[in-house]
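Sharing a structure below in structure tokens format, with a few things to ask.
Letters A, B and C name the chains as they come in the text, with residue numbers starting at 1 for each one.
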Amino acid sequence: MANPTPDESGTAGVRTDAVDYMTDTRPIASEPAAPGCRKRDPILVAKNVTRAFGGINAVDVEYLEVPRHKITALIGPNGAGKTTFFNLLTGFDQPNSGEWTFDGTSLHGVPSYKVSRMGMVRTFQLTKVMGKLKVIENMRLGATRQEGEKLSKALFKNIWGGREREITRHADGLLEKFKLDTKREDYAASLSGGQRKLLEMARALMADPKLVMLDEPMAGVNPALTQSLLDHVRNLKSEGMTVLFVEHDMHMVRNIADWVVVMAEGRIVAEGPPAEVMKDQAVIDAYLGAHHDVDLGAAEGIEVLEHQLAQDKESVVGTADEGILGHGITEQDGRDPDEGRDRKDAP
Amino acid sequence: MDFLNILSGALGEIISPTTAAYALAALGLALHFGYTGLLNFGQAGFMAMGAYGFAIATLTFNAPFWAAVLVALACSVAFAFLLGIPTLRLRADYLSIVTIAAAEVIRYIVTTNQLTDITGSAGGLNGFAGGFYALNPFPEGTYNLGFITLSARDLWVRVVAWSVVAVCCFIVWLLVRSPWGRVLKGIREDENAVRSLGKNVYSYKMQALIIGGVFGSLAGILFTLPRSSVQPANYGTELTFFLWTCLLLGGAATVLGPVVGAMLFWVVLSLTQGLLYGAIGAGYITFISIPQAGQLRYIMVGVALMLLMIFRPQGLLGNKKELVYS
Amino acid sequence: MSQQTPEGGNAVVTVTDLVAGYLPGVNILNGCSIEARPGELIGIIGPNGAGKSTLLKAMFGLVKIHSGKVVVRGRDITGLKANKLVSQGIGFVPQTNNVFATLTIEENMQMGMFQRPKDFKERFDFVTGIFPELGKRRQQRAGSLSGGERQMVAMGRALMMDPAVLLLDEPSAGLSPVKQDETFLRVHEINRAGVSVIMVEQNARRCLQICDRAYVLDQGRDAYTGTGRELLKDPKVIQLYLGTLAESA
């Protein structure tokens, strides 16, 4: 893992100045933390971005600034609109309204492939690696500025050969970092789910992006691989990149996020450093899972959890839609003597 | 039954100009489908564009040979644009349906009586290959290649046709191992992933469509040269499916697959024809007549195609790991 | 409750030395054996690539079995096609691609019941009793539902045929923590109603908390087994699998 020295150009083409991004303690926001607060150094600014599906607003973001050189987590309950927001920002979907800029350039109406060329890359929830190409070819595909990709130059290897060698060196370096170098010549289809996630992330880095947007990078990844993925994401910051990621895994968020943005029902409901946001009662209640401390296997565990969920706005427990859930807490009399017993101790 | 005759006839198909035309048109399809994932079911239309473009330019406009070839290729490019603009931004199936329809539209246009003066309608056109044969450097006489004897004209046509095939194969080979080719292979699997890597997918698909279409049109010209005649009935949908058979037989995502496939296709057709007709003529087979045997061959082609798709979808030369449709 | 069973005794599901894989010659399962007694909730946990999903798919006839046996309710169903298994009383809820996106919720439920269309209304009422939201939105296209809602449709559809055994492939995947808890509670309730459940899970902690017994798969074999409580405390399991999650617990 490289630590940039003050006179070494960062891989993102960004001069590292004398600032070490990992230990920079300057405040992230230029005003008190609140939804839509301004940042000292924003890389992405979004205003009034909306997207409706059949009358329902899937995304309704009034104002958001994403801080440069920081790792920002975008969290929220299912259906909050996080992935839709991602798609809008990166040109994979068209908004009903809104404007947003990346490094000062407006991205409204810019097609997805151009957004990517400008330095804003993304990964997908369901990994999109090319199974029928070898791992190294997948990596080479991620590179930019390869003249050989133009039809006019493709026939002449002497034109694009040099850049191809550079690209291959870069790819091999990344593959080694992500511990995929032994899989270099394998077809990507033979990789496991977690390895494909790593490959997709490594491939996204081939473009030396300024902003890396990860859509649920931990989803479906073996917990043993989680730590190494976390380290890779942290490493992006040390190399001068900005990271915005969507996640459900609170451990990951607590572990590496510098800033947290909470979305619910398409809107931003909270913003701030992880410690503060996680203390926000509304956010906690909304879904941060104070419930996960309840042990379902313990004697009254089920009832305790159902009771807690009944207080929870997101849960159907306690509402008309609860179905078979929650009946344990409403019945007090004539209860089945087996109910409530720790059934795991049964012979 | 004259087995030697039957065999030499079959071997002759390996170098026949018709085989070369099929090989070239299938090569265009390989670029479309094998490498880019485009479903083009109208390659017969591209061949018709080439053939008629060349013939009409020569006969109606008295264009010299090279100009006529250029006109044919220009028509081909325009045709590809027309097909691609509405369909390449949509799902793959839309291109397949539009191409079937477009090829038939071409065939109907050249068959209609309104344009008989230009297109010769159902009778077609002929006598336009003069310019081509005028370029023939081989002196008059017969050339004996062992299993087949050729006239100077026959030899010239074969030399040109296979040279064109060789050059086009070389071009395709260079293209697919280049970064441009890599983008195509990415597109055939996942367009959105390729877009997220900064490539203009629509543009690449259009380029592949045009190049493959141009090969198809060149093939159309080659197809008409031996007999110096073009007839609309030859460019129906069966032609497209024969081309697909050649492609899948050889291996859709390979450069030599279409060539090997075309050769095998014609050798087998010729062999079965020779054997069947011979056996009927000699009285070994009495339950079908010769015209029926002619149809039987094509039934066998259909069955062979089905067996191919079931048991060896990657064709002779293909790589199972790169199978386009799985 | 069931007593100690002899091999295949009165177990409702017995899998013996299963060897299976997607491609010939490449085995994902390398001799896996599990057992479920009637009314049990069995958890299957393990690292990615250990073969958990493959195990369920092989049991349900979706992946080729190269050797080994699967016996359900006394019948050898090894290699039987999935459609036959549904009528044998086995329900399967896949993790992805689990609904017919172009059909409505109600039509998806009908698909679950196509072998016995007459009982549809009764079963539909039963399932919407468990998932009232699905009943309310029965005309909505399944393709417009969120991931968690699709999970409910898929589970509901599997329940339409009143299965004796329910196979669940990571039912909590992709869900927010609250929805995950609801899912685990529901599975617990469904199991209490008498349906034997075999559940593959990534959320090992919750899975081990609610299951009777669990198997830890590693590299295609059943590496450890025990009751849910035992495995939660077993240092080998914590080491192998719970990993960093245990530290930050």
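What we mean here is this: a contact is a pair of C-beta atoms (placed from the backbone, for glycine too) under 8 Å apart; a residue touches a chain by one contact, two chains touch by 3 or more.
Just so it is clear, the model here is predicted, and its values are computed rather than measured.
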- Task: Draw the chains as points, connect those that touch, then say whether the picture is a line, ring, star, complete or other.
- Result: line
- Going by the contact definition up top, give me the pair of chains with the most C-beta pairs touching. A-C
- Taking each chain's centre as the mean of its CA atoms, which one is farthest from the centre of chain C? B
- Interchain centroid distance [CA atoms averaged], chain A/chain B, Å: 49
- Task: Let me have the rounded angstrom distance from the C-alpha centre of chain A over to the C-alpha centre of chain C, please.
- Result: 28
- Just curious, how far off is chain C from chain B if you go by their C-alpha centres, in Å? 51
- Query: In the complex formed with chain C, which residues of chain A make contact?
  - Reply: 53-54, 77-79, 126, 192-194, 216, 219-227, 248, 250-251, 254, 287-289, 291-292, 295-297, 301-302, 305-306, 309, 312, 314-317, 320-325, 343-344, 346-347
- Note on the structure: So, in the complex, the side of chain A touching chain B is made of residues 90, 92, 111-114, 116-117, 121-124, 128-133, 137, 140-142, 144, 146, 148-151, 154-155, 157, 160, 164, 187, 189, 203-204, 207
- Message: So in the complex, the part of chain C that touches chain A is made up of which residues?
- Response: 1, 3, 47-49, 96, 128-133, 136, 144, 146-148, 173-179, 181-182, 184-186, 188-190, 202, 206, 208-210, 212, 227-229, 232, 241-245, 248
- Please name which positions on chain B make contact with chain A in the complex. 171, 174-175, 178-183, 185-186, 188-190, 192-201, 207, 321-324
